[in-house]
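Two complexes follow with subunit A in common, the first pairing it with subunit B and the second with subunit C.
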Partner chain A sequence: MLDGLVITRRFDTPTWLLALVFLAGIAAGLAMATALLVAIGVPASALFNEVIGEAFMTASGLAQTLTFATPLICVGLSAAVALRLRFWNIGIEGQLWLGALGATAVALGDVGPEATRLPLMLVAAALAGAAWIALPLVLKLRLGVSEVISTLLLGSIAFLFAQHLLFGAWRDPATGFPISLAFDASERLAALGFGRTHLGLPIALAAALLVWFLVDVTRLGFYGRAVGENIEAARAAGVPVIAVTCAFVLLSGALSGLAGGLIVAGTEHRMSLTLGAGYTFSGIVIAFLGRFRPLATVVVAVIIGGVFTASDVFKVFYGISEAVVVLLQGLVLFGVLVAQFFGAYRISRANWGASA
Partner chain B sequence: MTETAIAHPAGDGRPVSPGAGAPPGTPPALELAGVHKAFDGKPALIDAGFTLRRGEVHALVGENGAGKSTLMNVATGVYAADAGRELVDGELVRIRGPVDAAAAGLGMVHQHFRLVPRFTVAENVRLALGRRAGSPAAAAALVAAKAEKIGFPVRPDARVADLSVAERQRAEILKVLLLGARVLILDEPTAVLTEQESDALLAFTARLATQGGSVVLITHKLREVAARADRVTVMRQGRTVLDGAPIASVSSAEVARLAVGATVAPVARPRRAPGGPALTVDGLAHRRDDGGVTLDGLTLSLREGEVLGLAGVGGNGQSELVACLAGLAAPRAGSVALAGRDITTASPAARRDLGLRVVPADRFAFGLIRGFSVADNLALAALRRGRYGAPFGVARRRIRRDAEAAIRDHEIHGAAPGRSTGLLSGGNAQKVLLARELDDAVRVLVAHSPTRGLDVRAAQAVQAAIAAAAERGVACLLISEDLEELMALSARIAVINRGRIVGEMPVEDASAAALGALMVGHA
Partner chain C sequence: MVKSFASGLLALGAAATLLSGTATSAWSFELKGEPKVAFIYAAAAKDGGWNEAIDAGRAAVEKDLGLTVAVAENVPEDATKLRAAIDLFVKRGFNIIVGTTYGYSEPIAEAAKAYPDVAFLNASGTTNGPNLESFYARTYQGWYLAGIAAGSVTQSKKLGMVAGFPVGVVNWDANAFILGARSVDPSIETVVVYTNSWWDPVKEGQVAEAILDQNADVLATDLSSTSPLAAAERRGASSVGYQLDMSHAAPEGILTSVVFHWDRYLVPTIKSITDGTWTPQEYGAFEGIDNGVIGLAPFGKRVPDAAKAKIAEVQAKMVAGAFDPFTGPIEKQDGSVAVPAGEKVSDEALWSMDYFVKGAIGTMPAAQ
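This part shows the complex of A and B:
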């Protein structure tokens, strides 16, 4: 059937076509997601209400969506920054765990005066995240070790480290559960007075602005694109390749770490072993859907936050499993990635020997 | 292109009558007529035609981008034409892909070989032939037997990755012949070969033709093919401008004029008297990661305003020399000095600051960035000099204006500041690179095969840019395998062989024979 079709690469794809293809991809992904949800027993009539209505149109739903979006913005930025350099950070969760641990250590250890406690917690979170990605970075730069494997495996090690602390030194002595003691009031990000949203949201937005400035405005950002596209050509043109790589990759780790800090200081108010799951996947999905652009990442993170909110509803009312949430994100990403093909290629009917 | 007649030299021993193997009245082995093909609306073939007789070697010539490869890709079903007709042995055919092409007896060896590097030659043949190849042993026997029959040495059990380019090409030809090709299409086969290897290949194609095979030889190097082809077809900008003329009936100058659409004047050698020392390389040594010696105490020196030609067969250390000079590879011993300052261990950035510029053999390896716009590629190196503002911003508008000026001044066709560089033709991409490297601050230019793969006009523009730079006082190290180019531009020519300089002479004393002997000598 495909026999009669000819595929030709386009020289330039007009912007309207890129937009169209992107939207069509999202639509196709949502259609697949809808089919999936209907197949597992969510009534089709309820879908619109739950997703659009519940996640974005009601105050409590929107607040919940924005709360989810806060760390998602950070991990989306983290993935986008690394991927701009073609550095595959598959260890976002690991850096996020370290960030959460860093912030918790400052909180539980009552480090510094109370006034500077929160800033210190977030700085510790970012530094811990950066430190956790520094090892794969050095391995890659010095020995050429693929970051795909090293960041992934360090993610597991980070989780085991968190387990070690929560089953050991930091275990809540009152209950015996593997969770830390709750943070003091001075160690919690202030609520914004809109559902559970907290100061973490403006902090994440500020981070997005900062990343936008770095990658889209400054010379460092220009160099980063060059390193990502062709590292040898960049080096030969006088780009300080090592410094640029370090800056981008450490920034990626710091953003993931910050996500962990915002989760413990903003919503959980204690360290636990459930708070970090799934963020690597979400981060990469968000980065791709936002086409590695910092400000688009924010928008996509809010949409994915809505998917989380809606999924919570589905979980409660229709008994769907956690895995379905991952599947939904995956389907939308799949739709967009497949649709990109239609932006890059023109498809027409074959015309062999027309004059014959 | 020099003004030599391209009729067969007397005493060559080759039959001069075209299509010697076929009796009169035999239908053409392959005929294409009225072929149209556009890529994304951009026409690549416009009413193109081509007729190949049984038993002939047919040269298909034209500049880069003339549509030669596209026409043959249409013939073998790689691309679907928008219109046109194709006949094989007088029968109308419709070729939709490699299977149809093989069934019709058409085989093409592409510019980029289609072999699995990790497989042996025999395994590649099995992959192509499928069940017909039989057991691994049978396939190996098949390869050996065919190689024997056509007098073409190919080892069936050699891994393709371990073979030289010429050997890979033979393996590819053998594979295509085993697939049943009676029409063999070779796309720029001599572009990757040394002169001796080219001679061997051309002798083989001539032999194949006398045995009744038909060969299409795509090229833009006329001279070497002329002596071995029966007829020639010339393409220009998607059209067939000379359709199958007997080679004895046209001069190479005429073919060149038809291909280019105009005559191209040769570039004059820069005449400026050399100034002070610019680049001094002393005893440079380098090894590959596997320990193989690539540079073995190489010494040369270059003065301001001088073009030093470096001749040599590819793979004798030229690429490593360029990498060491660019600061992308570390020499094991020796030193490099630029205008008296030691830069042996300096970073590429520091070398740039001192005025060193490099044009590598593969312009997309460490020259240009394919996915970058033309403007961004042009701006990349100047950013650190602060031309486009402080580190916290990038002066986009200025980058754009500079790019527009460069595109105009260097006549970079098909370029716009925002256009992706990877979409440019080879010649125009090379002009972008030269425009960037020959900036105001250049003092030493190292250019490695800067005109390889370029058509006559683009090559001329690149050579003119190098000559003009030398006239301005830039010291130029021109590394090339093209002796004609070296002799046209250089004041002195040195020869590199196995990582060392084995001879050096003023251009007045240089001859192709003398240089050639040094290039292949086992000194």
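This part shows the complex of A and C:
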């Protein structure tokens, strides 16, 4: 049957078709996700109440969603910025661990006066994240080492480094458990008075605005698009490819590091060995669903935050495991990616003349 | 910065003296409305080890108190995730919430402040309050007895132990096991290896093989999976399980398992909460072999009668408070003095135990 079809690449896809394909992909993903949830025992009638209702319509649920969304915005931006250059940052978690460690080091070391402690923690987080991606960046630029491998492996090294500190210098001296001492009040981001949302939310939003300005308004952003589209053409046209790549990739690392800083300073108030799990995957999903656009990334991050909130309901009241959240994100991403195929290619019936 | 369980235990001594010997806390708690109980686990409830032992306690709570208990599994040890689960339970009227890991300590303390009408319990937690009690058990008592069993059967005079992380509650297990074995024969040595994980059956099995390769003929696990026991069984070695009776994994070689009977703590405690007589202990509940929270599973066929008799005798002394495994003189691995003769390791020093006793083969990762 398939040999009756011809697939042709579209040279330009109309905007309405792109939008339609994107929405259809999300719808297909959601339909698969719904089928999955029903199949594992969530009553279909509860789905609307629990997902939309709990995650977005109740004050406490919405606050929870926004709290989850705060670091997700940062990791989504991080993935988006790197992917604009087709640089695959698979080490988001590693940079996030380093960011959390950087912020914790400032907090536990009581660096600087109390008034500047929090800003310093977040700056340290961003710098540590950027430093952690600098090595894969140099390896890529100088030796052509695939960043997929180097960022991924450095993520594991970052986790081992966190383990090293939490089982060594930073462990709770009284119990020996691998959790750092709690931060002082001056080292915690202020609550916004809405659930557990904290100052990290406006900071993440500001980061999104800044990234939007950089990549959509400035010349640097224009260069970035050129490098992402065709690096050789960009180089031939005189774009400073190396400088642009460094700027985007370091920004990506800094955003992941900032996410780690916001997690320890905003919600955990201490360093632990569980706080970074799962952010690489979420970041990439958010970046793809947001089409690598900074402001769309914010919207998608809030929606994924809602999925996290809803998943807590599933977990607490229906005994459904955390892994389902990953599956749900994966299904929606899958739907969108498959749908994009139909945006990029035209499928028509073959006309083989007599043989048909 | 953070008031800890251990320093609290030390202060308990002082407080008790001030209160002229009474250890009752000033905290009391009254439950409003019908009891609705929820247990929150950091991993699967049926993990074959730590969580499953607590889950057996949960089943006893359901049966003995006629309550239906809700269960949430795989709630990570992050403040955000745990608080989300607690908020959901409280919003739907749950008023007795039981956590199951030290990683919940701080967020559960914050939740306890936010919901003063909800009773909180937390296994191996480090925080307490007017409506929060952390609980753990003196597992080292069981491990000392298991050490006697192991010391009585070893031919190679070499034992092995697979352990999780080098934290106080693990180190005291290893040290008590070593001390128990050496009370039988002071020439016995024990290889202790940390996996740096609480749950990694493959790695635990590989570590067990490596220890057996060093000529150990009794292998103990301080973790939750049975793969070290399976490895020992394949090699004909004897083994000691933990958390639950693990004899099903090594029917030939099992000597015993150091087991939790959390029902002995959970049932009376939750009953006192529903009765309105609960007074959370200011420094947490630290249960021992005297009230049966810690014990040994039935002995395997390799344990000689003489060893059984000796274990029964030592156990009776422990229950009576006449014997504690960590009573000096105890030497550290390098021969320096850990505990001077006649002194007993304080509860605070137990929680921060960061050394091996003499007879251990292995490296304690540097603490600081």
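Note that the second predicted complex is superposed on the first by the 341 of 356 C-alpha atoms of A that agree within 3 Å, B and C clash if a C-alpha of one lies under 4 Å from a C-alpha of the other, contacts with A are read in each partner's own complex, and residues count from 1 in each chain.
In this section, a contact is a pair of C-beta atoms (placed from the backbone, for glycine too) under 8 Å apart; a residue touches a chain by one contact, two chains touch by 3 or more.
Just so we're clear, the structure is a prediction, and the values are computed from it rather than from any experiment.
In the superposed model, A:Leu143 makes contact with neither subunit B nor subunit C. When the two structures are aligned on the shared chain, A:Asp184 is found in touch with subunit C, with no touch to subunit B. Once the two complexes are laid over each other on the shared chain, residue contacts for A:Asp12 go to subunit B alone; subunit C is not touched.
Look at A:Ala59: by the touch rule set out above, it reaches neither subunit B nor subunit C. Judged by the touch definition given at the top, the superposed model places A:Val313 against subunit C, while subunit B stays out of reach. In the superposition on chain A, A:Ala233 makes contact with subunit B only, while subunit C stays out of contact range.
Of the two partner chains, subunit B is the only one touched by A:Thr218; subunit C is not.
Look at A:Phe68: by the touch rule set out above, it reaches subunit C but stays clear of subunit B.
Using the contact criterion defined above for the overlaid structures, shared-chain residue A:Arg346 touches subunit B, although it does not reach subunit C.
Common to the subunit B and subunit C contact sets on subunit A is no residue at all.
Against subunit A, in their complex, subunit C makes its touches with residues 1-2, 4-7, 70-81, 83-85, 87-89, 91-92, 102-103, 105-106, 126, 165-169, 171, 196, 348, 351-354, 365-368. Listed in rising order, the residues of subunit A touching subunit C in the complex are 60, 64, 67-68, 163, 167-169, 171-179, 181-182, 184, 196, 267-270, 272, 274-275, 277, 309, 312-313, 315-317, 319, 321-322. Those residues of subunit A lying in contact with subunit B across their complex are 3, 6, 8-12, 217-223, 225-226, 229-230, 232-240, 346, 350-356. Taken in their complex, subunit B has these residues touching subunit A: 34, 39-40, 42, 80-86, 92, 94, 96, 326-328, 348-349, 352-353, 358, 360, 364-372, 376, 380-381, 383-384, 388, 391-394, 419-420, 423.
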